[in-house]
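Take a look at the structures listed below.
Same chain, two partners: chain A is paired with chain B first, then with chain C.
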Partner chain A sequence: MDTPKKISEIQTAAVVISSIIGVGVLPLPLFAVKAGNTAAPIVTLIGITISLFALLIITKLGMTHPTKTIIGYSEEILGKWLARFCNIIVILFFALLTGLGAREFGAVVITAILRETPIEVTVIVMLLLAAITSRNDLNIFAYIHTFYLPVILSPVVIIVVLSLKNANFLYLQPLLGGDMGDMFKGSLTIAALCQWSFVLTIIIPSMLQPKRAMKACTAGLLIAGVILFMLVVASLAVFGAEETKKLLWPTLELARTTSLPGNILQRLDVVFLAVWVTAVFTTLFSGYTFTCYALTGIFRLSDHKIFSFSLLPIIFLFSMLPGNLLQMYKTIEVVGRMGLILTIVYPCLLLVIDVIRRKRGKRSAAAKT
Partner chain B sequence: MSLFRKNRKKLKTSPQEQNGNEKTKLSSDLQDSITYINELLGKNDDFVYRDFYIFGSIPAYLCYFSEQANPSEINTDILKPLMYPPEHIQKNLPDESKLVDVIIKEVLYQSRVKTETKWDVLIDNLFLGDTIILIQGQDVGLQLGTRKLKERSIDEPRTELVVLGPREGFVEQLGTNIGLLRYRLPIPDLVIQTTKIGKLTKTKVAVCYIKGITNPELVKEVEDRLSKIEFDSVLDSGIIEQFIEDNPYSPFPQIQTTERPDRVVGNLIEGRVAILTQGSPFALLLPTVFSQFYQTTEDYTNRFLMGNFIRIIRVMALVFSLIFPSLYVSFIAFNPELLPTEFAVAVSGGRAGVPFPAVIEVLVIEVAMEILREATVRLPQQVGGALSIVGVLIIGQAAVEAGFASPVTVVVIALATIGSFATPVYTAAFALRMLRFPILMLAGLFGLYGVVIGAILILNHMLSLQSFGVPYMSPVSPPDKEGMKDVVVRGPLWKMKNRPGFLQAQDKNRVGAKTQELRDRRRVPGPVDEGK
Partner chain C sequence: MGFFRKRYKKALLTKENQETQESVSLENTINQFRECSDLVHNALPELQVEYLYIENLVNEQKVKEYLVEPFDTIKFPDVSLILTEKRYKKTADSRSLYKGILNGEAAIFFKDEAYLVNLFGPETRPVNESGTETVITGPHESFNESAGQNISLLRRRIKSSHLKVYKVSVGKVTLTDVYLLYLENVANKDFVEKVKQRVESVETDGIFESTMLVQMIEENPYSFFPQFLTTERPDTASSKILEGKIVGITDGSPSAFIAPTSFFEFFNSPEDYYQRWAVATALRILRYSAFFITVFFTAFYVAVITFHYEMIPRTLLSTLLESRSRVPFPPLIEALVMEFTIELLREAGARLPTKIGQTIGIVGGIVIGQSAVQAGFTSNILIIAVAISAIASFVIPNYIMSASIRLVRFGLIILAGIWGNYGIILGIGLVLVHLSGMTNLGSSYLIPIAPISTADMKDILIRAPFSKLKTRPYQAQTRNPYRQKKK
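Up next is the complex of A and B:
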């Protein structure tokens, strides 16, 4: 019997949400507050708007080429060799991003739960999980993202709701303020946290109705954006701008300040972190799958499975590049912002060239007749 | 490999086929046929045959297997009318060309009569209890359905008990089982097609579905997979299950087995296919999704709230049985700070005398529990009671007193084990019990992190499974609106208007308009209101 082999809009939205909400959520309020002090919510909003713009561009590109992934249509637009060169850089960037994401979460885990475990072990476990799962096809990729969505969303909502008890809304004022340049840089960093949604470029061709991708992507990004925004507001309201700057993972601290009524468990942060493994997994899974499928596209292979394990050592190597936690966050910020060139400017260029070529094509076709 | 090849050679030279190759069609010479059949079967003590004269003049031969057929029926309904035919025939004997026709239409008191010209079909049916009559001068044999096998009476199903609901279970005889289905579904659209599978056992396997509801592609796929089974023995439906399931290496059952006719009928109506096997009281239901494994027929026959309450309890028990021990280990060994202080003190007090790490302690008790469980199943019932007392005393009391395990550990393992017994489908409960061990190991290595990693691995595997083209975790993912009404909590019967979408049934509607009306009104007017 035929399965519903295609990805629906709800599933696409779920992929966007669960790809974006990942390990980046933990230091997010810190990034926002560092850039804009009490204007952190505004910074977050600008960041989300930027990433919405980026997402709309890749969705538009995908909708005009509904049967091709970014690998396919970029070669059509730019020509074979130039496109290949760009795509390889994009793939390298996502391999690096996946590696750094795994490293970041590994660092969180050894700080909060497993204090005596070497970081290599936690990182490799996470990467193995993504590698094993990436052997499945894109339908199952969508099933997995959809299934875990409630698990990913509920802890954030619970944390935000429970932290209202300790919130002081005076901390949120003044709404504006802070250096404009810093704020813009900060919002770029936040937009960089959302670039996991780039995985859409390989999802759209497998959609049931690629024409409806725009609605699904917008909805997905808006939901994810609301979640991120709520987190920034909550941690700012609970800790205040100055205190937040001293915390490495404000979201985790937020979880630590909350407790369940009835005193069933003494602390909640560890439980939240454990549940968060799921969120981190889906994010890494997106990055890993993108890398695998993009490579398959470049080499014109029919099966992506050979890459799922052969990529593992390379990504692991990437994840071990930064020496310590501080270096790691510097690398993540820099790499993330550089990546925006690849995930925003590159698709923009593709779109512009594509539109121009189409118009010309029409004109020349009109001239011929 | 060499072993398999030998087997195959043996099969090829089985006596039946050898003879079948020599002789395929009946000859009209009776003596010839008698020598052939006696040579083939005459050695068997339960093979009964006799020569007689039809209408007192035409030589004929009758044979059957005494334990498979019903001798009194043969004597009174077949032999007697043949030897003492109705008067009009006796006066006016039919000529040779019309003889068989006359015998079937005017003489025999038997409804199941067939003519057959092929030896192998005749002999196959002879083994199944049919009686065969060969007549001088005719190149067809008569095959009469006189089958009578001793069978168990219809009993309450042993593996799926319900409090409120039908008490009938399937038996080993395929015919009886089909009857149990037919009287619950007295419609012409219930299609039951039988095939024979198994080179040596020639087991009858029946594929049942409802025409107009079940997706024809699904039926085709099932028939296709069944037709490709070439195996020497099919002793139970479990063997068929292993050949047709999608992923034989997965711990999760992808086909549901059930003993309950009402469950089969309920699933047929939802648009599934059922496979019944001769000699097995278990029917196979497919395609299967995971949510079926914690649902029972009682959930639907009970009232809305009660049914749902019990189902939620069952889901909790299922989760308990899978991760409770590993959660305990990771709390004790890695994050005792999570527990409320008083409880943490109590736990560590209990563990003070235990020399092993928590994982080892839990593992040992778990293994002991599994051994106990298996032993209780295998032992005769009279001894079983004694064993469980010993088990409870040794595992519960003495192990704690000996400093072998802490009391909390025993409580935790007991909860998990009882939880696994609350899962209504045996095969699924088994899968979860098995998966408890790897998660436990992960908990011992990485604490809570390990438990979550293990759970994600298992869930990912389940999400990637399929049963006959239907994703295993549907209707949750991929989401299906109609199916969602019956996952953890079921909607009221009249609110589940359509059949679950993941089965791609042809006729989707379940509830009639009048019922909608009845239930949509908030207050049904009583007789007093109507009188006005």
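Up next is the complex of A and C:
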């Protein structure tokens, strides 16, 4: 894992953004609206705040241990075996998340573009691409994310802007409403969509200046958050709460209702989907890379390449677990929310224990003198 | 198996190297060059001087000046006096003696000693206009096959003692001279060392072209894409030297290579700097769009016609369907056949003498273009797509890069035929991942996009006015990053 320390702040921000914007973009407005009706934008905001909080904790941990990944410092804080146990669960979770992400992607592709292709093929092809790519080092990981960033951001922005033509801002009112419990649950689901940014825990040690990680991460998450927020607002304003609930992938429908001025292309959704494939790829790539590197860290290996292909069958198996589309989304929601325990509570615990231990260390050092 | 073969090869090579180290003598030298009918052997018995040179490597004028005239007028005791002159180098090593003769020097034998004097001066081509990189404004000179002349073209442009010319001989048999030129006070030392070391460690029997050498020293020899820019233009080469890059000149090759290079440099033309900045920026944007058209247009056509009819504007759809209705093949086959035809035309045009070349234009334009549609072989919209992407591919200033891109395009067309837009994105993903993983002397190939370097974007993606171009490119990692004084 001796990658040269070269990743800049901009690249770190790019990794955060393109990891977050991914498979989840399509059903996001549906999740938000189901939870809060017209309060969907607020649900999204809460969700983003939660994930910002989680990201800040991870970054803080990474900055206090600038040479180690989460695998390294958790073993230092919790002790070897407990940390290993927790880390293996985290790795399993990310393998599952990557698998489910690939499955969700496959489901969209076979429904919207390639109706006759078996889902296994699309899933495997995507995973293969991620596996091949994950053989590169972290530096190149950051390059790829940076390179794809404009490709990921621009279509979402274009679609949001173009859809304003059909927007009816009355649909956004009332701003508050809906059941508090549901809203909270919904914002957890949205926070779960953002937990791909957990890949940061392995990026920070390879940064050029880990001290500046905080700024980079905050900027990255805020940009991604604004994009997600705009999407929810746009689909709510175009379709209204009741209509959105009936759509499986409101973002895709949003792309369908818009068209480029000048009648260059009749419909934008196919182009949007093609670009969305890129977004999915970067996201899955993040998950895959995290899994590979974390496993390498646990087994104290020097080369992560052996995992890039040996993980493939396991992740593929995970992706085939849900029986159908509805089951898949249920699984994703549940697994995502459970995952928050791993991506928020676990780092929180680590941080608290770390702070306490440091204080004690100082005190005992002071007592000795 | 490979191991044994390697070992065998190594044994052979060492055997070649161990050519018996003979003593320096006339007999041995003549024996070494036996059956070389171009070897001239002259004896001046009254002076006890004999000399040897290879007729076709020397300049008649120099022979007269250094060999005939000095020995013509003198008596025997003065010979040793003349031979102390600086241009006569005493040589005690037979191998360097032979090498000297092969490099166009004359070997003079006097008593038991041998001297070399340089008479090298074969016929060279005059400096002509470049055939592959033409410009409208700007200097029209281009490199030719003589390394000496090429270096003189560069020296005339950069009058600085910091410009170093480092010489390496490459090729066990050809002993081709490769010169590495760089500004000592600007170029990154590591890069210079890396290039020197790589050129020196090339193991082959011979090279004839810079583009050949480049493939032996680059980091990703299996890649589709060229990794070091090659140019035939002295103005391009000298501007790259000023940027702090290293320029390599191979004797016998009209192209110079430049290291390190980023992917985007292949899309720049020297004319960008001779035009006004706004025009040059527009041209660069045009070239990048040409790149996208070349890569995507036909693939996009195939994807849309096969899978995504709904993307076509309604008015266009009817004409398209009408023209497609008579075509019996699926769009993938149709596109591949047409692309293949265009490549045939291009290759034929490149190989044919110019006089017959026009025929190809007529055959290509009229017969294939119009008749193919009338015969119901292809749709005319596909012909437009293929033609536009072929034209766009020639907009890319570097021929080697444009050839690589045309090759990648075929892969994309096939992927588009299998999986539509999704296939195109997958293909592009693979290419991009490959490009991101590539390094150029250890620096990234995709600078200034990944990693982002805003200062470089001003001179690579657009061409800002000169007052804004104050820094040397980040990729060269120069020792002196400012070209103009910071205000």
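Convention: the second predicted complex is superposed on the first by the 364 of 369 C-alpha atoms of A that agree within 3 Å, B and C clash if a C-alpha of one lies under 4 Å from a C-alpha of the other, contacts with A are read in each partner's own complex, and residues count from 1 in each chain.
FYI, contacts are C-beta pairs under 8 Å (C-beta built on N, C-alpha and C of every residue); 3 or more make two chains touch, one makes a residue touch a chain.
Nothing here was measured: the structure is a model prediction, and the numbers come from that model.
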| item | value |
| --- | --- |
| Chain A as common anchor, with chain B and chain C clashing or fitting | clash |
| Touched partner set for A:Phe169, first chain B, second chain C, both or neither | neither |
| Touching partner for A:Thr133 - first (chain B), second (chain C), both, neither | both |
| First (chain B), second (chain C), both or neither touched by A:Thr278 | both |
| Chain B versus chain C as contact partner of A:Asn263, first or second or both or neither | both |
| Partner chain(s) touched by A:Ile10 [first = chain B, second = chain C, both, neither] | both |
| Partner chain in contact with A:Leu114 - chain B first, chain C second, else both or neither | both |
| Chain A residues contacted in one complex by chain B, in the other by chain C | 8, 10-11, 109, 113-114, 117, 122, 125, 129, 132-133, 136, 140, 142-144, 146-148, 263-267, 270-271, 273-275, 277-278, 281 |
| In the complex, chain A residues that touch chain C | 6, 8, 10-11, 109, 113-114, 117, 122, 125, 129, 132-133, 136, 140, 142-144, 146-148, 263-267, 270-271, 273-275, 277-278, 281 |
| Chain A residues touching chain B - in the complex, by the definition given at the top | 1-4, 8, 10-11, 109, 113-114, 117, 122, 125, 129, 132-133, 136, 139-140, 142-144, 146-148, 263-267, 270-271, 273-275, 277-278, 281 |
| Chain A partner contacts - residues on chain B that touch it in the complex | 215, 217-218, 221, 287, 334-335, 337-341, 446-449, 451-453, 456-457, 459-460, 463-464, 466, 468-471, 473, 476-479, 502, 504 |
| Sites on chain C touched by chain A in the complex | 307-308, 310-315, 317, 419-422, 424-426, 429-430, 432-433, 436-437, 444, 446, 449-452 |
